[in-house]
Amino acid sequence: MSTQQPSAAATRITREQLAARIAADIPEGSYVNLGIGAPTLVANFLPDDLEIILHTENGLLGMGPAPEPERIDPDLINAGKQPVTALPGAAYFHHADSFGMMRGGHLDVCVLGAFQVSERGDLANWSTGAPGAIPAVGGAMDLAIGAKNVYVMTDLLTKSGESKLVQDCTYPLTGVGCVTRVYTDHAIFDVTPEGFAVREAFGDNTVQSLSELTGLRLRDSAAASGEGN
Amino acid sequence: MSTQQPSAAATRITREQLAARIAADIPEGSYVNLGIGAPTLVANFLPDDLEIILHTENGLLGMGPAPEPERIDPDLINAGKQPVTALPGAAYFHHADSFGMMRGGHLDVCVLGAFQVSERGDLANWSTGAPGAIPAVGGAMDLAIGAKNVYVMTDLLTKSGESKLVQDCTYPLTGVGCVTRVYTDHAIFDVTPEGFAVREAFGDNTVQSLSELTGLRLRDSAAASGEGN
Amino acid sequence: MIDKTVASVDEAVAGIQDGSTVMIGGFGRAGQPVELIDALIAQGATDLTVVNNNAGNGDTGLAALLAKKRVRKILCSFPRQHDSWVFDELYRAGEIELELVPQGNLAERIRAAGAGVGAFFSPTGVGTQLAEGKEERVIDGRTYVLEYPIKADVALISARQADRWGNLVYRETARNFGPIMASAAATTIVQVDQIVPLGSLEPENVVTPGIFVDRVVAVGERAWLRGGEFVGGVDIEGRPLARPDAAATAEVDQ
Amino acid sequence: MIDKTVASVDEAVAGIQDGSTVMIGGFGRAGQPVELIDALIAQGATDLTVVNNNAGNGDTGLAALLAKKRVRKILCSFPRQHDSWVFDELYRAGEIELELVPQGNLAERIRAAGAGVGAFFSPTGVGTQLAEGKEERVIDGRTYVLEYPIKADVALISARQADRWGNLVYRETARNFGPIMASAAATTIVQVDQIVPLGSLEPENVVTPGIFVDRVVAVGERAWLRGGEFVGGVDIEGRPLARPDAAATAEVDQ
């Protein structure tokens, strides 16, 4: 596993820029679940003039933004237990129906955070496996295996400079072979049968520099899809 | 299998009397499914001053009587596809929920017709197994295994005088070991671990005469429960 | 803007391929999407596998599709009815294949497909002909048979109202298979009495969320309603009562 | 006359036995039947196995039940929260057993219990620690793990309105586990804002039919509603906003 000193950091985009980049890749009409934490930011960048329907696994399709403080409704919350609103066209349902919707492959996209993603698309995002930690999984495993496209939103490197893209996850798995694409602050990676392919490198990053950062053999998505090199 | 000439028929009650007898055994507050055919008659004898909630497996709890002809609603039918009404307090639901309700053991009573019932409570009521017949099962198998109490309503003898209570069903089974009690025009039988027990014999019928009619060893329910002989 | 509404039943059923598995909602005539079935007949797809509780009534709707010999196989629980003569004749002639499924297993298998369940152990049918050859298992002292999901390429269903996101509400026992079939098909096509503006359907009362719906077409109000209120005046098949001149056209009226 | 209503929460929870498995509705605080839990604490049943999505928030409701050491084991998907200090301490001290279940498997296992499904193959959790030791099977090229139903002796849930037959409607995402838990317990006990006359609930909109409900008790309207209409003025925990004198009593207010 490659490590990288912060002083040598390559060009990185901010978390907000990354959220905007993910939002731009979601077509109108998509049914989308945004995981707890950073992925929630993506909602702020979905264009107002496009209809994208947000799902929250606790039982709502058509989730809207947070309410004004005096309009907080304790009965109307998202999976992160934050107050939300419901848009015209929303629908409520119970937990078995909600997770059936996920497990049955009806969501177009879900965006999740990650501790690690392996070259085969394995995801680790629910437990660091630290001894004594209290485990909690929530809907992570259901989301990981359920959506048609599972996007991971994460920094490429941990705070200590280790790559979150790995050959094999060392943290406990959330799902096997489930990740479609990884959006990081350095680049966007597709998970392909031959491992990670760089779909888009931000700023000065190159396939070569990303290979060095991650310690992985990376391919160029454009080359992989036969569109050039 | 014993046969019996019509001319030698023992005391029999009418189908309406039998329906009334079954109705009298259903306590207030019960959730009840009445099968297609003769069991439907039971509804006519449920006391007006008792609340007994009827289920129809096509998606309604709180089924009421047939409407006046000019109030027939093609969207509001029972499992026999006859027009019905919905009482105040009714609820509609889809087929998976309706059959989950049955399969999950939430109905107190269902009343079904039968071709044959075996001493172990096996039920045959969906197919005569006749070659060339078009098979159709509907919800019979779900009802047979789902309710807490499965009552069979039937003539004791076929038109040709054969007993419908048998050691082993010769017709194709609907459910195994599922029948609780059999209400016939001659007597009421409980299904016990030791076979049929006569719960109540109508008119001149006796355990002895019923044994002769059915060709089965029968016990006396009262004796079986230690209440006398 | 998301708009799942289409202008005609022909547009609604466009693209259904020969050889498709088509779920058709309804229990008998209640909830049967007759206008969509008529459009499917006109569209011409053939060699179909149909999933329905029954096998057609009279000469209209599903029965008409069968009569055109577009259906290779049918999965259902109750084909034999007093008015199933079209199916009966095809079956006796060996011109249609039948997979008979107990009604609750049919419903649960459709739900399983929609809910991503790989298979499930059902107590229904254990020890009967309809469980022959199926895997059995005793769980907590009770015997179950393993049942697999039923998926479809297309579902044709009927509901009372939809909005342009495809949210649906049904009417009474016409709901029956609609919600689960909508969830189990790659493409779900719905005929409704009426398309209402987005936001008109109370989110608490939506029965089928739009995520399960692909196309919606309005076919006009059913004959026994006026402005959404029940007015009656029809028989169980939806034909006008006591209007002698109506008898001639009754067969196509539902 | 069927009347499932009872006059008090104490009457509602009467008879719950030591050693029972108790399902408790709610996702975090939304839909948590706090008044019933308080009554259960007063009632005294102990050595309980609790099924809930979480493991208590703050010091009230489920957290208070845990703090009284009435719970031997908890099945949940997400015990660790910013305000789960009661559970955290018990868990670290080895005073409570935890069965961690992915949320969708938790929901589906509860539904399976209510729907008479003996077991089902789920794709969730395959290849993870939470599927270790479970039976796996490949169906149509995908790997599944076999999951079993979760039944309960008692379910305590919260809904918005009930009638005397026990028909229920919920409110927004507070619906969450209510309908499935109601179906999976031998005795289902419900607290509602309001009991309405039979016939007031539209049959199309009933979410939990009364067949799943045994006892209903009215506990008064939630603080953010007035006459059924949302008025707001509370924080996410249901405590009044911007009323300094209200802070002292806020902890017991939900």
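Labels A, B, C and D are assigned to the chains in the order they are written; within every chain, residues are numbered from 1.
Heads up, the rule we're going with is that a residue touches a chain if its C-beta (ideal position, glycine included) is under 8 Å from a C-beta of that chain, and two chains touch if they have at least 3 such contacts.
Which protein is which chain? UniProt says A, B = CoA transferase subunit B; C, D = 3-oxoacid CoA-transferase subunit A.
All values reported here derive from a predicted model rather than from experimental measurement.
Here the chain-to-chain distance from subunit A (CoA transferase subunit B) to subunit B (CoA transferase subunit B), counted in touching steps, is 2. Centres computed as Cα averages put subunit A (CoA transferase subunit B) at a distance of 37 Å from subunit C. Computed centre separation for the pair subunit B (CoA transferase subunit B)/subunit C is 30 angstrom, with centres defined by C-alpha atoms.
Among the residues of subunit D, those touching two or more other chains are numbered 108, 111, 115-117, 122-123, 170-172, 203-204, 207. Of all residues in subunit A (CoA transferase subunit B), those touching 2 or more other chains are 60, 86, 92-93, 96, 99-100, 102-103, 146, listed in ascending order. Taken chain by chain, the contacts fit none of the simple shapes, being neither an open path, a ring, a star, nor a full set of pairwise contacts.
If you check each pair of chains against the touch rule, the ones that pass are A-C, A-D, B-C, B-D, C-D. Interface residues of subunit C, counted against subunit B (CoA transferase subunit B) in their complex, comprise 27-31, 53, 77-81, 87-88, 91-92, 98, 100-108, 110-111, 122-130, 143, 170-180, 207, 222, 224, 230, 232-238, 241, 254.
On the subunit D side of its complex with subunit B (CoA transferase subunit B), the touching residues are 1-2, 111, 113-117, 163-165, 167, 183, 198-199, 201, 203-204, 206, 209-212.
The touching residues of subunit C, when paired with subunit D in their complex, are 108, 112, 115-123, 137, 139-140, 142, 144, 148, 169-172, 202-205, 207. Remark: subunit A (CoA transferase subunit B) residues 56-60, 67, 69-77, 81-83, 86, 92-96, 98-100, 102-103, 122, 127, 132, 134-142, 145-146, 172-176 touch subunit D in the complex.
By the touch criterion stated above, subunit A (CoA transferase subunit B) contacts subunit C in their complex at residues 28-29, 31, 51, 53, 55, 60-62, 86, 88-93, 96, 99-107, 146.
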